[in-house]
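Below you'll find the structure, written out as structure tokens, and then a few comments.
We call the chains A, B, C and D, going by the order they appear; numbering starts again at 1 in every chain.
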Amino acid sequence: MTLRQRLNIIIFGTDTPAGRTFDVVLLVIILLSIVTVMLESVPSLQQNYGNYFRWVEGALTIIFTLEYITRVWVTENSKKYIFSFYGIIDLLSILPSYLSLIFVGTQYLLIIRALRLLRVFRILKLGRFVGEGEQLGRAIKASRHKITVFMGTVLATVIIMGTVMYLVEGRANGFTSIPRSVYWAIVTLTTVGYGDIAPQTIIGQSLASFVMILGYAIIAVPTGIVTVELQKEKKEAEDKIKCSKCELAGHSADANYCRRCGEKLRP
Amino acid sequence: MTLRQRLNIIIFGTDTPAGRTFDVVLLVIILLSIVTVMLESVPSLQQNYGNYFRWVEGALTIIFTLEYITRVWVTENSKKYIFSFYGIIDLLSILPSYLSLIFVGTQYLLIIRALRLLRVFRILKLGRFVGEGEQLGRAIKASRHKITVFMGTVLATVIIMGTVMYLVEGRANGFTSIPRSVYWAIVTLTTVGYGDIAPQTIIGQSLASFVMILGYAIIAVPTGIVTVELQKEKKEAEDKIKCSKCELAGHSADANYCRRCGEKLRP
Amino acid sequence: MTLRQRLNIIIFGTDTPAGRTFDVVLLVIILLSIVTVMLESVPSLQQNYGNYFRWVEGALTIIFTLEYITRVWVTENSKKYIFSFYGIIDLLSILPSYLSLIFVGTQYLLIIRALRLLRVFRILKLGRFVGEGEQLGRAIKASRHKITVFMGTVLATVIIMGTVMYLVEGRANGFTSIPRSVYWAIVTLTTVGYGDIAPQTIIGQSLASFVMILGYAIIAVPTGIVTVELQKEKKEAEDKIKCSKCELAGHSADANYCRRCGEKLRP
Amino acid sequence: MTLRQRLNIIIFGTDTPAGRTFDVVLLVIILLSIVTVMLESVPSLQQNYGNYFRWVEGALTIIFTLEYITRVWVTENSKKYIFSFYGIIDLLSILPSYLSLIFVGTQYLLIIRALRLLRVFRILKLGRFVGEGEQLGRAIKASRHKITVFMGTVLATVIIMGTVMYLVEGRANGFTSIPRSVYWAIVTLTTVGYGDIAPQTIIGQSLASFVMILGYAIIAVPTGIVTVELQKEKKEAEDKIKCSKCELAGHSADANYCRRCGEKLRP
């Protein structure tokens, strides 16, 4: 095997011990870079350790750049990788540092550096999480129509309730405009309840009580929607598992051996 | 086809491309009118752009009036449309603007303008959302008895807990009357927790802890009720899908082809 | 039929129109008495309308006393009624008013008057609510072991987390004692979040984040427990419905006619 | 039977009346010790009753020490007990009191004394709770992969949203650093909503609304995951119950008699 092929297996592959080790090491470095970005924003730490942060940032950028260049060189279809979801994320991981050399002092590159976080989703390629994560994804995808109807009803409700509260409470009590009242309605319906705006009049508190009980109860709806789809996905996934020896379809998700012939499943 | 029939298909129908385009355009205009109402209430925007808002409001009123008149003229049974749910909403969409010419400066017409929001539910007539939305509606309707028993118990609980807290904490600690204490109980049981009223005594905080844990746990009940009904609705809906060729009943909600004979379902 | 038998059917029975009318009228009077108790506690209303409240209170007490005496006289087994759940509630409804003539000015009788609220549960004897309410009750009863294990774990968690926060944050930051810290843990785990006590240190906020995410996630457990039991109850209830003509067991809860022979179910 | 064997049955066994009485008495003493620790932290009580607390603490330590020594002596395999979960907890229950004689005035031993709370889990050995608790445990264990994917997504979301809010709101509005903004995101997503930090700008409040609705809706996911696994566990547990006489497998969890031959299950 050429160096290129060997590196391909290590970097993109997840089946070999070397491949898995690479993934874990990469994950650790990614988490380190995220922590660095977070700590850099703390004023006291920025004052005392600003230089160290810049050194670490520089080293990380070099490491990620080398990694990116290697990936582009090593993969079978460079163009496909560069424009894939992970490819774009990887590029955005290193871009801010270079841009900040040109555009000095811009904070907005911080959010792009935070996108490094999405690289953490590489963990989903590790064995067991693939199947489970996809099951979850398919269940949520199958629920999307009912969830949309639900969300639309929620939005319509908060806008109407917000408008009513604006009329009832008025500007003196903190409800200074309809958008702000709608913000209050969202804070209350989702049961977050900051308390920065709260109704003062009797009618207002009665209406607010209605919004609270409504928000408290209708959480049942999306939960029911998702639960029903998850059940269906789980059943379909278990029916799919097929024994290679006796061809019995339908095994538990946590089964390791075929219950009929004893053959090991998923060698 | 006469002009009347052609307009009928465009305005009321959802099967043709023209009909769907009309629905989408209408939806955009409706959303625009809602945003206008919301922004008009913001004091700073009202000062600077008041005139523009009045122009937009006038144009929208004319558009909706023309649309309403066309609907009444074009539909088969005018009387049936005027008194239907959507018909009344459509009328209420244009009424406030005319009323505000007569009753100058009244804010209460705002809420009627906000009812334009309900026009957004026309989106439910778009294909996929009909079936899913109706399934959701039937499931909630089937749960109504258990939900009523649940809600009754919740109301009884908040009134009793509110009264007890009124006696325990007293007026000095913010619990100035039983209604206000019941309001606190609702804020706490639904886990909103504004913090505008909070118990100060040890006994009060212990009772409050009980209310919080109760509210936290009993959310399981309506969720369970709705989930069970949704499962039943989904099963019934899937059993209903029948292949036109081989007459096999019972296909997945997302199935496009009959699994037995391969015929396309729902042509 | 004697007067006694006729009154028995009206007061205790729910099948005849007269019986149902009596129940509805009684319910309205009960709700009126509850509203009266609530409004009496509002200082401004007490000042202005105190006399009217006393008159209404007096009239209600006489009505409930007459009703109670009639029930005791009319029912088949007086002793059984007096000591039953509803019998005791009915007695407690009228007792406070008499006691307040003896012990003037005591507020604590308020809570006993609030117990009138429990009379509202007579509504559960109305047709449809019986079966559904009992289904709900049985499902919750069947889950009681798992719910106890869950609640025990929650209590253990809040006490441990409360103690840790007490050590980490200390008295200066509002965590003045372990009980108060446990109160904070309950407020946070149940996601109520008053904000009257909130962690100030970095470690404290990290621990608090852990408590919040934990509380947010473990709500899934009691919900799952109750949902599973409700499904079982619903299935058992539907299997029980038996057609009187063709004896087919197992009909939908909302079925009115036997699907096999067309006979009306539950005449 | 020797004294050692008799004590073994009482202390470790749960089948005999003596064994169960011992467990209950022990539980009461454990709860008493926890309450003592909690009350000791209240400043007013510490001042007035400090001596009494020290006496009670001393007595409890002696009781628990005697109990621990007896357990080690009485159990079949001393080494196995000492290093088991319960063995270590029991040791940690008495250690702080001895350490506090050496290291005077250290508060950190409080948390170890709070670990006495874990002794409360001995209650799980009482009959019915074993099966139900284990069912719960297995269901949660089976969901761990999907829950991990979910938690990972939640963490990624709060870090990204926190970073965005830090950029949007800025230090002037309370969002003084990225870690603090992430703390706000967790407080909001979990719908706790202290209100100690809240967005002030329009964009900030819009983003916050998105976070709130997201947190409100995605609670459906872990709930669905756990519900599906609980259903599977319950079904498997019911299939396991086998009649000793006619060997019929599959009885309800609350069944006492075999439905086919009438034999008493679980004698």
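The rule we apply is simple: a residue touches a chain if its C-beta (ideal position, glycine included) is under 8 Å from a C-beta of that chain, and two chains touch if they have at least 3 such contacts.
Fair warning: this is a prediction, and the values are worked out from it, not measured in the lab.
Participant: Compare the two sides of the chain C and chain D interface and say whether they are made mostly of the same residue numbers, over half shared, or of different ones.
Facilitator: Answer different: the two copies use largely distinct residue numbers here.
Participant: Pick the pair from A-C, A-D or B-D whose contact list overlaps the A-B contact list by over half.
Facilitator: Most of the contact pairs in A-B are shared with A-D.
Participant: Between 0 and 180 degrees and rounded to the nearest 5, what angle rotates chain A's CA atoms onto those of chain D?
Facilitator: Rounded to 5 degrees, the superposing rotation is 90 degrees.
Participant: When the centre of a chain is set as the mean of its C-alpha atoms, what distance in Å lies between chain B and chain C?
Facilitator: A distance of 28 Å separates the two centres.
Participant: Hey, how far is the Cα centre of chain A from the one of chain C, in Å?
Facilitator: Taking the mean C-alpha position of each chain, the two centres sit 40 Å apart.
Participant: Multi-chain contacts in chain C: which residues touch at least two other chains?
Facilitator: Those would be 179, 191-195, 215, 219, 223-225, 227, 231.
Participant: Which chain B residues qualify as touching chain D in the complex?
Facilitator: 191-195, 223, 227
Participant: Over in the complex, which chain A residues touch chain B? Could you list them?
Facilitator: By the definition above, chain A touches chain B via 142, 145-146, 148-150, 152, 156, 159-160, 163-164, 166-167, 171, 176-179, 182, 188, 191-195, 198, 202, 205, 208-209, 212-213, 215-217, 219-221, 223-225, 227-228, 231.
Participant: Any idea which chain C residues touch chain B in the complex?
Facilitator: Answer in residue numbers: 34, 37-43, 107-108, 110-111, 114-115, 117-118, 120-121, 123-124, 128-129, 132-133, 135-136, 139-140, 147, 151, 154, 179-180, 183, 186-187, 189-196, 215, 219, 222-227, 229-231, 234, 253-254.
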